[in-house]
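Listed after this line are the structures, all set down as C-alpha coordinates.
In what comes next, chain A is part of two complexes: it sits with chain B in the first one and with chain C in the second one.
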Partner chain A sequence: MNGAHDMGGMHGFGPINPEPDEPVFHAEWEKRVFALTVATGFGGEWNIDMVRFARESTDPAIYLRSTYYEKWLLGLQRLLIERGHLSEDEIARRMARIAAEQAAGGQR
Partner chain B sequence: MAHDHHHHHDDDHDHSALPDTLLRTKALESLLTEKGLVDPRALDELIDTYEHRVGPRNGARVVARAWVDPQFKAKLLADGTEAIKQFGFDGRQGKDMVVVENTPRVHNMVVCTLCSCYPWPVLGLPPVWYKSSPYRARAVIDPRGVLAEFGVTLPGTVEVKVWDSTAEVRYLVLPMRPAGSEKLSEEQLAELVTRDSMIGTGVALAPGAAA
Partner chain C sequence: MRVLQLDNVQEVLRAGDSARLPSNAAARFKPGDAVRTRNFQPPGHTRLPRYARAKHGVVAIDHGVFVFPDTHAASGDKKPQHLYSVRFTMRELWGEGASDIDTVHMDMFDDYLQPA
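Take a look at the complex of A and B:
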(Lines of atoms letter the chains of each structure in order from A and count residues from 1; the text may use other names and numbers.)
(Lines give C-alpha, C1' and ligand atoms only; values in the text may rest on other atoms or scores of the structure.)
Protein backbone atom coordinates (compact mmCIF):
# COMPACT_ATOMS: atom_id res chain seq x y z
CA MET A 1 0.00 0.00 0.00
CA ASN A 2 1.41 3.33 -1.09
CA GLY A 3 0.29 6.07 1.24
CA ALA A 4 1.48 8.88 3.46
CA HIS A 5 3.19 6.35 5.73
CA ASP A 6 5.52 5.22 2.91
CA MET A 7 8.10 7.87 3.69
CA GLY A 8 11.37 6.44 2.47
CA GLY A 9 13.10 9.03 0.30
CA MET A 10 10.59 11.84 0.81
CA HIS A 11 12.03 15.35 0.97
CA GLY A 12 11.11 18.33 3.08
CA PHE A 13 10.73 16.94 6.60
CA GLY A 14 13.73 18.85 7.92
CA PRO A 15 16.25 17.85 10.58
CA ILE A 16 15.86 14.87 12.90
CA ASN A 17 16.64 16.61 16.21
CA PRO A 18 17.16 13.63 18.50
CA GLU A 19 16.13 14.39 22.07
CA PRO A 20 18.92 13.84 24.62
CA ASP A 21 18.06 11.49 27.50
CA GLU A 22 14.64 10.88 26.09
CA PRO A 23 12.11 9.22 28.41
CA VAL A 24 10.38 6.04 27.20
CA PHE A 25 7.01 7.81 27.30
CA HIS A 26 6.30 11.53 27.29
CA ALA A 27 2.85 11.50 28.88
CA GLU A 28 0.59 9.25 30.88
CA TRP A 29 -1.89 8.81 28.03
CA GLU A 30 0.88 7.52 25.76
CA LYS A 31 1.53 4.71 28.24
CA ARG A 32 -2.14 3.76 28.27
CA VAL A 33 -2.41 3.79 24.46
CA PHE A 34 0.71 1.65 24.17
CA ALA A 35 -0.50 -0.89 26.72
CA LEU A 36 -4.07 -0.99 25.36
CA THR A 37 -2.77 -1.69 21.86
CA VAL A 38 -0.36 -4.39 22.98
CA ALA A 39 -2.82 -5.99 25.40
CA THR A 40 -5.68 -6.19 22.91
CA GLY A 41 -3.67 -6.93 19.77
CA PHE A 42 -1.30 -9.56 20.98
CA GLY A 43 -4.04 -11.65 22.51
CA GLY A 44 -4.54 -12.92 18.98
CA GLU A 45 -7.58 -10.87 18.06
CA TRP A 46 -5.51 -9.21 15.39
CA ASN A 47 -1.88 -9.24 14.36
CA ILE A 48 0.77 -6.61 13.73
CA ASP A 49 -0.04 -6.37 10.03
CA MET A 50 -3.66 -5.56 10.78
CA VAL A 51 -2.60 -2.95 13.34
CA ARG A 52 -0.22 -1.39 10.87
CA PHE A 53 -2.83 -1.41 8.13
CA ALA A 54 -5.32 0.24 10.46
CA ARG A 55 -2.81 2.98 11.27
CA GLU A 56 -1.96 3.38 7.61
CA SER A 57 -5.65 3.71 6.77
CA THR A 58 -5.79 6.95 8.73
CA ASP A 59 -6.55 9.97 6.53
CA PRO A 60 -3.13 11.05 5.16
CA ALA A 61 -3.54 14.65 6.34
CA ILE A 62 -4.34 13.44 9.85
CA TYR A 63 -1.57 10.82 9.72
CA LEU A 64 1.08 13.40 8.89
CA ARG A 65 0.13 15.77 11.67
CA SER A 66 -0.42 13.14 14.34
CA THR A 67 2.17 12.19 16.91
CA TYR A 68 3.23 8.58 17.12
CA TYR A 69 0.89 7.47 19.86
CA GLU A 70 -1.97 9.46 18.32
CA LYS A 71 -1.52 7.23 15.27
CA TRP A 72 -1.67 4.20 17.54
CA LEU A 73 -4.80 5.50 19.23
CA LEU A 74 -6.61 6.11 15.94
CA GLY A 75 -5.48 2.72 14.60
CA LEU A 76 -6.66 0.92 17.73
CA GLN A 77 -10.00 2.68 17.62
CA ARG A 78 -10.47 1.75 13.98
CA LEU A 79 -9.79 -1.93 14.70
CA LEU A 80 -12.10 -2.01 17.72
CA ILE A 81 -14.90 -0.53 15.64
CA GLU A 82 -14.25 -2.72 12.59
CA ARG A 83 -14.26 -5.83 14.73
CA GLY A 84 -17.49 -4.84 16.38
CA HIS A 85 -16.11 -4.45 19.91
CA LEU A 86 -17.03 -0.79 20.15
CA SER A 87 -19.16 1.63 18.17
CA GLU A 88 -18.33 5.22 17.33
CA ASP A 89 -21.42 6.26 19.20
CA GLU A 90 -20.42 4.37 22.30
CA ILE A 91 -16.97 5.98 22.28
CA ALA A 92 -18.43 9.47 21.77
CA ARG A 93 -20.87 8.96 24.63
CA ARG A 94 -18.15 7.70 26.96
CA MET A 95 -15.91 10.62 26.05
CA ALA A 96 -18.73 13.04 26.81
CA ARG A 97 -19.40 11.33 30.15
CA ILE A 98 -15.73 11.46 31.18
CA ALA A 99 -15.53 15.11 30.12
CA ALA A 100 -18.64 15.91 32.18
CA GLU A 101 -17.23 14.07 35.20
CA GLN A 102 -13.96 15.94 34.87
CA ALA A 103 -15.76 19.27 34.57
CA ALA A 104 -17.88 18.48 37.65
CA GLY A 105 -14.77 17.40 39.55
CA GLY A 106 -12.94 20.56 38.56
CA GLN A 107 -15.70 22.83 39.93
CA ARG A 108 -15.62 21.42 43.42
CA MET B 1 -7.57 37.72 25.43
CA ALA B 2 -8.20 34.04 25.42
CA HIS B 3 -7.16 32.51 22.19
CA ASP B 4 -8.60 29.08 21.60
CA HIS B 5 -5.56 27.65 19.99
CA HIS B 6 -5.43 23.87 19.78
CA HIS B 7 -2.11 23.61 18.19
CA HIS B 8 -1.38 20.95 15.69
CA HIS B 9 1.25 18.31 15.70
CA ASP B 10 3.43 18.91 12.71
CA ASP B 11 6.42 18.39 14.95
CA ASP B 12 7.25 14.89 16.11
CA HIS B 13 8.66 16.35 19.30
CA ASP B 14 5.47 18.00 20.35
CA HIS B 15 3.98 15.79 23.02
CA SER B 16 1.24 18.05 24.26
CA ALA B 17 -2.03 16.29 23.66
CA LEU B 18 -5.32 17.67 22.50
CA PRO B 19 -8.15 17.21 25.01
CA ASP B 20 -9.77 14.91 22.46
CA THR B 21 -6.80 12.54 22.57
CA LEU B 22 -6.83 12.34 26.36
CA LEU B 23 -10.57 11.74 26.49
CA ARG B 24 -10.50 9.18 23.70
CA THR B 25 -7.73 7.24 25.46
CA LYS B 26 -9.69 7.23 28.72
CA ALA B 27 -12.90 6.27 26.95
CA LEU B 28 -11.30 3.30 25.18
CA GLU B 29 -9.69 2.00 28.35
CA SER B 30 -12.89 2.46 30.32
CA LEU B 31 -15.03 0.66 27.72
CA LEU B 32 -12.55 -2.15 27.11
CA THR B 33 -12.18 -2.74 30.85
CA GLU B 34 -15.94 -2.77 31.31
CA LYS B 35 -16.30 -5.35 28.55
CA GLY B 36 -13.57 -7.50 30.05
CA LEU B 37 -11.34 -7.11 26.99
CA VAL B 38 -8.44 -5.70 29.01
CA ASP B 39 -7.35 -5.90 32.60
CA PRO B 40 -5.98 -2.57 33.91
CA ARG B 41 -3.44 -4.46 36.02
CA ALA B 42 -2.12 -6.17 32.90
CA LEU B 43 -1.79 -2.72 31.31
CA ASP B 44 0.22 -1.46 34.30
CA GLU B 45 2.45 -4.52 34.05
CA LEU B 46 3.09 -3.94 30.34
CA ILE B 47 3.96 -0.29 30.96
CA ASP B 48 6.33 -1.20 33.79
CA THR B 49 8.06 -3.80 31.63
CA TYR B 50 8.77 -1.45 28.76
CA GLU B 51 9.45 1.59 30.89
CA HIS B 52 11.83 -0.06 33.34
CA ARG B 53 12.83 -3.61 32.48
CA VAL B 54 13.41 -3.91 28.73
CA GLY B 55 15.82 -1.52 27.05
CA PRO B 56 19.12 -1.07 25.26
CA ARG B 57 21.08 -2.50 28.20
CA ASN B 58 19.83 -5.88 26.96
CA GLY B 59 21.33 -5.35 23.54
CA ALA B 60 24.55 -4.04 25.08
CA ARG B 61 25.03 -7.35 26.89
CA VAL B 62 24.63 -9.23 23.62
CA VAL B 63 27.14 -6.99 21.85
CA ALA B 64 29.72 -7.24 24.66
CA ARG B 65 29.45 -11.03 24.60
CA ALA B 66 30.04 -11.02 20.83
CA TRP B 67 33.13 -8.85 21.32
CA VAL B 68 34.73 -11.26 23.79
CA ASP B 69 33.49 -14.62 22.48
CA PRO B 70 34.20 -15.35 18.80
CA GLN B 71 32.07 -18.48 18.84
CA PHE B 72 29.10 -16.57 20.18
CA LYS B 73 29.67 -13.86 17.61
CA ALA B 74 29.64 -16.40 14.79
CA LYS B 75 26.40 -17.82 16.12
CA LEU B 76 24.91 -14.34 16.55
CA LEU B 77 25.63 -13.42 12.95
CA ALA B 78 24.40 -16.79 11.65
CA ASP B 79 21.18 -16.95 13.66
CA GLY B 80 20.51 -13.80 15.65
CA THR B 81 17.20 -14.98 17.04
CA GLU B 82 18.64 -18.15 18.58
CA ALA B 83 21.81 -16.52 19.89
CA ILE B 84 19.88 -13.68 21.55
CA LYS B 85 17.42 -16.13 23.05
CA GLN B 86 20.26 -17.47 25.24
CA PHE B 87 19.97 -14.26 27.23
CA GLY B 88 16.24 -14.72 27.61
CA PHE B 89 15.58 -11.79 25.26
CA ASP B 90 12.90 -12.91 22.85
CA GLY B 91 9.25 -12.64 22.07
CA ARG B 92 7.20 -9.60 21.21
CA GLN B 93 8.63 -7.62 18.28
CA GLY B 94 11.82 -9.64 18.12
CA LYS B 95 10.87 -13.09 16.94
CA ASP B 96 13.07 -12.88 13.87
CA MET B 97 16.32 -11.07 14.55
CA VAL B 98 19.07 -10.34 12.06
CA VAL B 99 22.37 -9.01 13.38
CA VAL B 100 24.54 -7.00 10.98
CA GLU B 101 28.19 -6.39 11.74
CA ASN B 102 30.02 -3.10 11.35
CA THR B 103 33.56 -3.43 10.04
CA PRO B 104 36.23 -0.96 8.90
CA ARG B 105 34.66 -1.28 5.43
CA VAL B 106 30.94 -1.42 6.13
CA HIS B 107 28.72 0.65 8.40
CA ASN B 108 25.17 -0.57 8.94
CA MET B 109 22.22 1.56 9.90
CA VAL B 110 18.63 0.54 10.60
CA VAL B 111 15.37 2.33 9.82
CA CYS B 112 11.71 1.48 9.43
CA THR B 113 10.54 3.70 6.58
CA LEU B 114 6.94 2.54 6.84
CA CYS B 115 6.41 2.80 10.56
CA SER B 116 8.47 2.01 13.63
CA CYS B 117 9.56 -1.64 13.55
CA TYR B 118 12.36 -2.04 16.06
CA PRO B 119 13.82 -4.96 18.03
CA TRP B 120 11.98 -4.52 21.34
CA PRO B 121 13.58 -7.42 23.26
CA VAL B 122 17.10 -6.02 22.87
CA LEU B 123 16.51 -2.26 22.55
CA GLY B 124 13.17 -1.60 24.23
CA LEU B 125 10.76 0.85 22.62
CA PRO B 126 12.13 3.11 19.89
CA PRO B 127 12.99 6.76 20.56
CA VAL B 128 10.81 9.45 19.01
CA TRP B 129 13.39 10.36 16.37
CA TYR B 130 13.44 6.78 15.06
CA LYS B 131 9.68 6.97 14.52
CA SER B 132 9.79 10.52 13.14
CA SER B 133 9.05 11.48 9.56
CA PRO B 134 12.49 13.09 8.96
CA TYR B 135 14.41 9.97 9.99
CA ARG B 136 12.15 7.58 8.09
CA ALA B 137 12.32 9.74 4.98
CA ARG B 138 16.01 10.58 4.98
CA ALA B 139 17.74 7.45 6.27
CA VAL B 140 17.35 5.76 2.90
CA ILE B 141 18.11 8.72 0.63
CA ASP B 142 20.75 10.61 2.62
CA PRO B 143 22.25 8.21 5.18
CA ARG B 144 25.52 10.10 5.44
CA GLY B 145 23.69 13.35 6.06
CA VAL B 146 21.66 11.63 8.77
CA LEU B 147 24.81 10.19 10.32
CA ALA B 148 26.40 13.63 10.33
CA GLU B 149 23.42 14.93 12.28
CA PHE B 150 24.17 12.28 14.88
CA GLY B 151 27.82 13.36 14.91
CA VAL B 152 29.08 10.38 12.94
CA THR B 153 31.36 11.09 10.00
CA LEU B 154 32.65 8.13 8.07
CA PRO B 155 35.47 8.07 5.55
CA GLY B 156 34.25 7.86 1.95
CA THR B 157 35.82 4.42 1.69
CA VAL B 158 33.33 3.01 4.20
CA GLU B 159 30.22 1.64 2.58
CA VAL B 160 26.97 2.58 4.34
CA LYS B 161 24.29 -0.10 4.28
CA VAL B 162 20.78 0.85 5.33
CA TRP B 163 18.41 -1.89 6.48
CA ASP B 164 14.70 -1.22 6.24
CA SER B 165 12.92 -3.17 8.97
CA THR B 166 9.73 -5.05 8.34
CA ALA B 167 6.98 -6.31 10.58
CA GLU B 168 8.78 -9.66 10.66
CA VAL B 169 12.52 -9.01 10.49
CA ARG B 170 14.19 -6.76 13.06
CA TYR B 171 17.79 -5.69 12.77
CA LEU B 172 20.44 -5.12 15.41
CA VAL B 173 23.74 -3.53 14.50
CA LEU B 174 26.86 -5.12 16.01
CA PRO B 175 29.08 -2.05 16.39
CA MET B 176 32.86 -2.23 16.12
CA ARG B 177 34.70 -2.83 19.37
CA PRO B 178 36.47 0.43 20.19
CA ALA B 179 40.25 0.68 20.15
CA GLY B 180 41.94 0.54 23.53
CA SER B 181 39.26 -1.71 25.05
CA GLU B 182 41.38 -4.88 25.05
CA LYS B 183 41.72 -5.10 28.81
CA LEU B 184 38.11 -4.42 29.72
CA SER B 185 35.79 -7.07 31.13
CA GLU B 186 32.59 -8.06 29.38
CA GLU B 187 30.59 -5.92 31.84
CA GLN B 188 32.84 -2.91 31.25
CA LEU B 189 32.56 -3.40 27.50
CA ALA B 190 28.77 -3.42 27.72
CA GLU B 191 28.99 0.09 29.22
CA LEU B 192 30.51 1.31 25.95
CA VAL B 193 27.59 0.08 23.86
CA THR B 194 25.07 2.84 23.30
CA ARG B 195 21.56 2.45 21.96
CA ASP B 196 22.42 4.49 18.88
CA SER B 197 25.47 2.31 18.17
CA MET B 198 23.10 -0.65 17.88
CA ILE B 199 20.77 1.25 15.53
CA GLY B 200 23.77 2.40 13.54
CA THR B 201 23.34 6.13 14.10
CA GLY B 202 26.25 6.06 16.52
CA VAL B 203 29.41 4.17 17.29
CA ALA B 204 30.47 2.53 20.54
CA LEU B 205 31.99 4.86 23.14
CA ALA B 206 35.74 5.01 23.55
CA PRO B 207 37.00 3.52 26.83
CA GLY B 208 36.96 6.21 29.50
CA ALA B 209 34.09 8.04 27.79
CA ALA B 210 31.37 5.92 29.41
CA ALA B 211 29.37 7.74 32.04
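Take a look at the complex of A and C:
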Protein backbone atom coordinates (compact mmCIF):
# COMPACT_ATOMS: atom_id res chain seq x y z
CA MET A 1 0.00 0.00 0.00
CA ASN A 2 1.09 3.56 -0.61
CA GLY A 3 1.27 4.32 3.11
CA ALA A 4 3.37 6.64 5.24
CA HIS A 5 5.89 3.83 5.80
CA ASP A 6 7.10 4.07 2.19
CA MET A 7 9.27 7.12 2.91
CA GLY A 8 12.00 6.73 0.29
CA GLY A 9 12.57 10.09 -1.40
CA MET A 10 10.57 12.15 1.09
CA HIS A 11 12.14 15.39 2.32
CA GLY A 12 11.91 17.45 5.49
CA PHE A 13 12.44 14.95 8.31
CA GLY A 14 15.80 16.40 9.37
CA PRO A 15 19.07 14.60 9.91
CA ILE A 16 19.45 10.96 10.94
CA ASN A 17 21.40 10.86 14.20
CA PRO A 18 22.76 7.36 14.78
CA GLU A 19 23.40 6.62 18.45
CA PRO A 20 26.80 5.17 19.31
CA ASP A 21 26.31 1.72 20.84
CA GLU A 22 22.58 2.03 20.28
CA PRO A 23 20.69 0.02 22.91
CA VAL A 24 18.22 -2.62 21.68
CA PHE A 25 15.51 -1.07 23.83
CA HIS A 26 15.13 2.55 24.94
CA ALA A 27 12.48 1.96 27.60
CA GLU A 28 11.16 -0.91 29.68
CA TRP A 29 7.79 -0.93 27.90
CA GLU A 30 9.52 -1.58 24.57
CA LYS A 31 10.68 -4.97 25.87
CA ARG A 32 7.08 -5.81 26.68
CA VAL A 33 5.88 -4.84 23.19
CA PHE A 34 8.58 -7.01 21.63
CA ALA A 35 7.63 -9.94 23.85
CA LEU A 36 3.90 -9.53 23.13
CA THR A 37 4.55 -9.44 19.38
CA VAL A 38 6.71 -12.59 19.43
CA ALA A 39 4.40 -14.49 21.80
CA THR A 40 1.18 -13.70 19.89
CA GLY A 41 2.85 -14.34 16.52
CA PHE A 42 4.14 -17.74 17.65
CA GLY A 43 0.57 -19.07 17.62
CA GLY A 44 0.61 -18.97 13.84
CA GLU A 45 -2.67 -17.11 13.42
CA TRP A 46 -0.84 -14.50 11.36
CA ASN A 47 2.55 -14.28 9.67
CA ILE A 48 5.29 -11.64 9.61
CA ASP A 49 4.00 -10.04 6.41
CA MET A 50 0.51 -9.68 7.91
CA VAL A 51 2.09 -7.95 10.93
CA ARG A 52 4.00 -5.60 8.65
CA PHE A 53 0.83 -4.78 6.72
CA ALA A 54 -1.00 -4.09 9.99
CA ARG A 55 1.73 -1.60 11.00
CA GLU A 56 1.63 0.07 7.57
CA SER A 57 -2.14 0.44 7.90
CA THR A 58 -1.75 2.83 10.84
CA ASP A 59 -3.22 6.28 10.16
CA PRO A 60 -0.42 8.13 8.28
CA ALA A 61 -0.38 11.14 10.63
CA ILE A 62 -0.05 8.85 13.65
CA TYR A 63 2.49 6.61 11.91
CA LEU A 64 4.87 9.48 11.15
CA ARG A 65 4.99 10.70 14.74
CA SER A 66 5.30 7.24 16.35
CA THR A 67 8.52 5.61 17.49
CA TYR A 68 9.61 2.18 16.31
CA TYR A 69 8.01 0.13 19.07
CA GLU A 70 4.95 2.38 19.14
CA LYS A 71 4.43 1.29 15.52
CA TRP A 72 4.81 -2.34 16.60
CA LEU A 73 2.20 -1.84 19.32
CA LEU A 74 -0.26 -0.07 17.01
CA GLY A 75 0.07 -2.87 14.45
CA LEU A 76 -0.42 -5.59 17.05
CA GLN A 77 -3.46 -3.81 18.50
CA ARG A 78 -4.95 -3.62 15.01
CA LEU A 79 -4.45 -7.37 14.45
CA LEU A 80 -5.83 -8.33 17.87
CA ILE A 81 -8.92 -6.19 17.28
CA GLU A 82 -9.45 -7.36 13.68
CA ARG A 83 -9.23 -11.00 14.74
CA GLY A 84 -11.63 -10.50 17.61
CA HIS A 85 -9.21 -11.10 20.50
CA LEU A 86 -9.58 -7.61 21.94
CA SER A 87 -11.94 -4.68 21.50
CA GLU A 88 -11.05 -1.00 21.40
CA ASP A 89 -13.27 -0.60 24.43
CA GLU A 90 -11.34 -3.22 26.40
CA ILE A 91 -8.04 -1.50 25.59
CA ALA A 92 -9.44 1.91 26.57
CA ARG A 93 -10.80 0.56 29.87
CA ARG A 94 -7.50 -1.16 30.71
CA MET A 95 -5.54 2.02 29.92
CA ALA A 96 -7.87 4.04 32.13
CA ARG A 97 -7.40 1.57 34.98
CA ILE A 98 -3.60 1.67 34.70
CA ALA A 99 -3.67 5.48 34.59
CA ALA A 100 -5.84 5.54 37.72
CA GLU A 101 -3.50 3.12 39.50
CA GLN A 102 -0.49 5.20 38.59
CA ALA A 103 -2.21 8.40 39.70
CA ALA A 104 -2.89 6.70 43.05
CA GLY A 105 0.82 5.90 43.33
CA GLY A 106 0.41 2.16 42.94
CA GLN A 107 2.68 -0.22 41.08
CA ARG A 108 1.73 -1.47 37.66
CA MET B 1 -2.46 -23.32 18.33
CA ARG B 2 1.23 -23.31 19.25
CA VAL B 3 2.00 -21.62 22.55
CA LEU B 4 5.34 -20.01 23.33
CA GLN B 5 6.47 -21.39 26.68
CA LEU B 6 8.99 -19.67 28.92
CA ASP B 7 11.40 -22.58 28.51
CA ASN B 8 11.36 -22.21 24.70
CA VAL B 9 11.92 -18.46 24.42
CA GLN B 10 15.71 -18.53 24.13
CA GLU B 11 15.63 -21.32 21.58
CA VAL B 12 12.92 -19.68 19.42
CA LEU B 13 14.64 -16.29 19.39
CA ARG B 14 18.04 -17.82 18.64
CA ALA B 15 16.72 -19.97 15.79
CA GLY B 16 14.83 -17.13 14.12
CA ASP B 17 12.89 -17.83 10.95
CA SER B 18 13.74 -17.84 7.26
CA ALA B 19 11.59 -16.89 4.28
CA ARG B 20 13.71 -19.09 2.00
CA LEU B 21 11.74 -21.96 0.48
CA PRO B 22 12.79 -25.31 -0.90
CA SER B 23 11.26 -25.07 -4.34
CA ASN B 24 12.11 -25.66 -7.96
CA ALA B 25 10.13 -22.61 -9.13
CA ALA B 26 11.56 -21.47 -12.47
CA ALA B 27 13.67 -18.30 -12.61
CA ARG B 28 12.41 -15.90 -15.29
CA PHE B 29 15.63 -13.88 -15.13
CA LYS B 30 19.35 -14.43 -14.73
CA PRO B 31 22.26 -12.18 -13.76
CA GLY B 32 22.95 -9.65 -16.54
CA ASP B 33 19.34 -9.46 -17.73
CA ALA B 34 17.89 -6.00 -18.28
CA VAL B 35 14.60 -5.59 -16.42
CA ARG B 36 11.94 -2.98 -15.74
CA THR B 37 10.00 -2.94 -12.50
CA ARG B 38 6.24 -2.94 -12.70
CA ASN B 39 4.19 0.14 -11.96
CA PHE B 40 1.35 -0.79 -9.65
CA GLN B 41 -0.40 0.77 -6.66
CA PRO B 42 -1.60 -2.23 -4.64
CA PRO B 43 -3.92 -1.53 -1.70
CA GLY B 44 -2.26 -4.42 0.15
CA HIS B 45 1.29 -5.13 1.32
CA THR B 46 4.21 -4.89 -1.10
CA ARG B 47 7.99 -4.73 -0.80
CA LEU B 48 8.31 -2.73 -4.03
CA PRO B 49 8.81 0.86 -2.89
CA ARG B 50 7.14 3.69 -4.80
CA TYR B 51 10.46 5.20 -5.88
CA ALA B 52 11.45 1.93 -7.56
CA ARG B 53 8.34 1.44 -9.70
CA ALA B 54 8.62 1.57 -13.51
CA LYS B 55 12.43 1.76 -13.28
CA HIS B 56 15.04 0.09 -15.45
CA GLY B 57 17.76 -2.02 -13.83
CA VAL B 58 20.00 -5.03 -14.34
CA VAL B 59 19.79 -8.32 -12.46
CA ALA B 60 22.98 -8.76 -10.40
CA ILE B 61 22.32 -11.88 -8.29
CA ASP B 62 19.68 -14.61 -8.14
CA HIS B 63 19.19 -15.24 -4.40
CA GLY B 64 17.01 -18.32 -4.88
CA VAL B 65 13.38 -18.97 -3.97
CA PHE B 66 11.57 -17.12 -1.17
CA VAL B 67 8.11 -16.45 0.23
CA PHE B 68 6.37 -13.68 -1.76
CA PRO B 69 5.36 -11.11 0.86
CA ASP B 70 2.55 -9.51 -1.16
CA THR B 71 0.34 -12.62 -1.27
CA HIS B 72 1.65 -13.94 2.07
CA ALA B 73 0.34 -10.78 3.78
CA ALA B 74 -3.03 -10.95 2.07
CA SER B 75 -3.96 -14.63 2.36
CA GLY B 76 -0.99 -16.61 3.65
CA ASP B 77 -0.24 -17.87 0.12
CA LYS B 78 3.57 -18.22 -0.05
CA LYS B 79 3.62 -18.13 -3.88
CA PRO B 80 7.27 -19.35 -4.02
CA GLN B 81 9.37 -17.38 -6.48
CA HIS B 82 12.89 -16.18 -7.20
CA LEU B 83 14.27 -13.12 -5.48
CA TYR B 84 16.96 -11.12 -7.26
CA SER B 85 19.34 -8.35 -6.36
CA VAL B 86 18.72 -5.73 -9.06
CA ARG B 87 21.08 -2.84 -9.75
CA PHE B 88 19.68 0.62 -10.52
CA THR B 89 21.59 3.81 -11.22
CA MET B 90 20.88 6.75 -8.93
CA ARG B 91 20.02 8.70 -12.10
CA GLU B 92 17.31 6.18 -13.00
CA LEU B 93 15.76 6.34 -9.50
CA TRP B 94 16.14 10.03 -8.67
CA GLY B 95 16.37 11.74 -12.04
CA GLU B 96 18.34 14.73 -13.20
CA GLY B 97 21.09 15.85 -10.87
CA ALA B 98 21.60 12.33 -9.54
CA SER B 99 24.75 10.34 -10.26
CA ASP B 100 24.76 8.15 -13.34
CA ILE B 101 27.68 6.04 -12.05
CA ASP B 102 26.58 5.39 -8.46
CA THR B 103 24.14 2.53 -8.07
CA VAL B 104 21.65 1.05 -5.62
CA HIS B 105 20.99 -2.68 -5.33
CA MET B 106 17.49 -3.67 -4.28
CA ASP B 107 16.04 -7.11 -3.69
CA MET B 108 13.20 -7.66 -6.17
CA PHE B 109 10.76 -10.53 -6.41
CA ASP B 110 10.11 -12.19 -9.76
CA ASP B 111 6.56 -10.81 -9.80
CA TYR B 112 7.88 -7.22 -9.60
CA LEU B 113 9.91 -7.52 -12.80
CA GLN B 114 9.33 -7.45 -16.54
CA PRO B 115 11.88 -8.03 -19.32
CA ALA B 116 13.30 -4.77 -20.65
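We adopt the following convention: the second predicted complex is superposed on the first by the 105 of 108 C-alpha atoms of A that agree within 3 Å, B and C clash if a C-alpha of one lies under 4 Å from a C-alpha of the other, contacts with A are read in each partner's own complex, and residues count from 1 in each chain.
The rule we apply is simple: contacts are C-beta pairs under 8 Å (C-beta built on N, C-alpha and C of every residue); 3 or more make two chains touch, one makes a residue touch a chain.
Note that this is a predicted model, so its numbers are computed, not measured.
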Which of chain B and chain C A:Leu64 touches, first, second, both or neither: first
First (chain B), second (chain C), both or neither touched by A:Val38: both
First (chain B), second (chain C), both or neither touched by A:Phe53: second
Partner chain(s) touched by A:Pro20 [first = chain B, second = chain C, both, neither]: neither
Superposition-derived comparison: chain B or chain C, residues of chain A touched: B
Partner chain(s) touched by A:Gly84 [first = chain B, second = chain C, both, neither]: neither
First (chain B), second (chain C), both or neither touched by A:Gly8: both
Chain B versus chain C as contact partner of A:Gly105, first or second or both or neither: neither
Chain A positions touched by chain B in one structure and by chain C in the second: 6, 8-9, 38-39, 42, 48-49, 52, 56
Contact set on chain A toward chain B in their complex: 5-11, 13-19, 22, 24-27, 29-36, 38-40, 42, 48-49, 52, 55-56, 64-68, 70, 73, 76-77, 80, 85-86, 90-91, 94-95, 98-99
Residue ranges of chain B in contact with chain A within the complex: 8-10, 12-15, 17, 19-32, 35, 37-39, 42-44, 46-47, 50-51, 55, 92-93, 111, 113-116, 124-125, 127-129, 131-141, 146, 149-150, 164, 167, 201
Residues of chain A that touch chain C when the two form their complex: 1-2, 6, 8-9, 38-39, 42-45, 47-50, 52-53, 56
Chain A-touching residues of chain C, taken from the complex the two chains share: 1-4, 12-13, 17, 19, 41-46, 49-52, 67, 69-70, 72-74, 76, 94
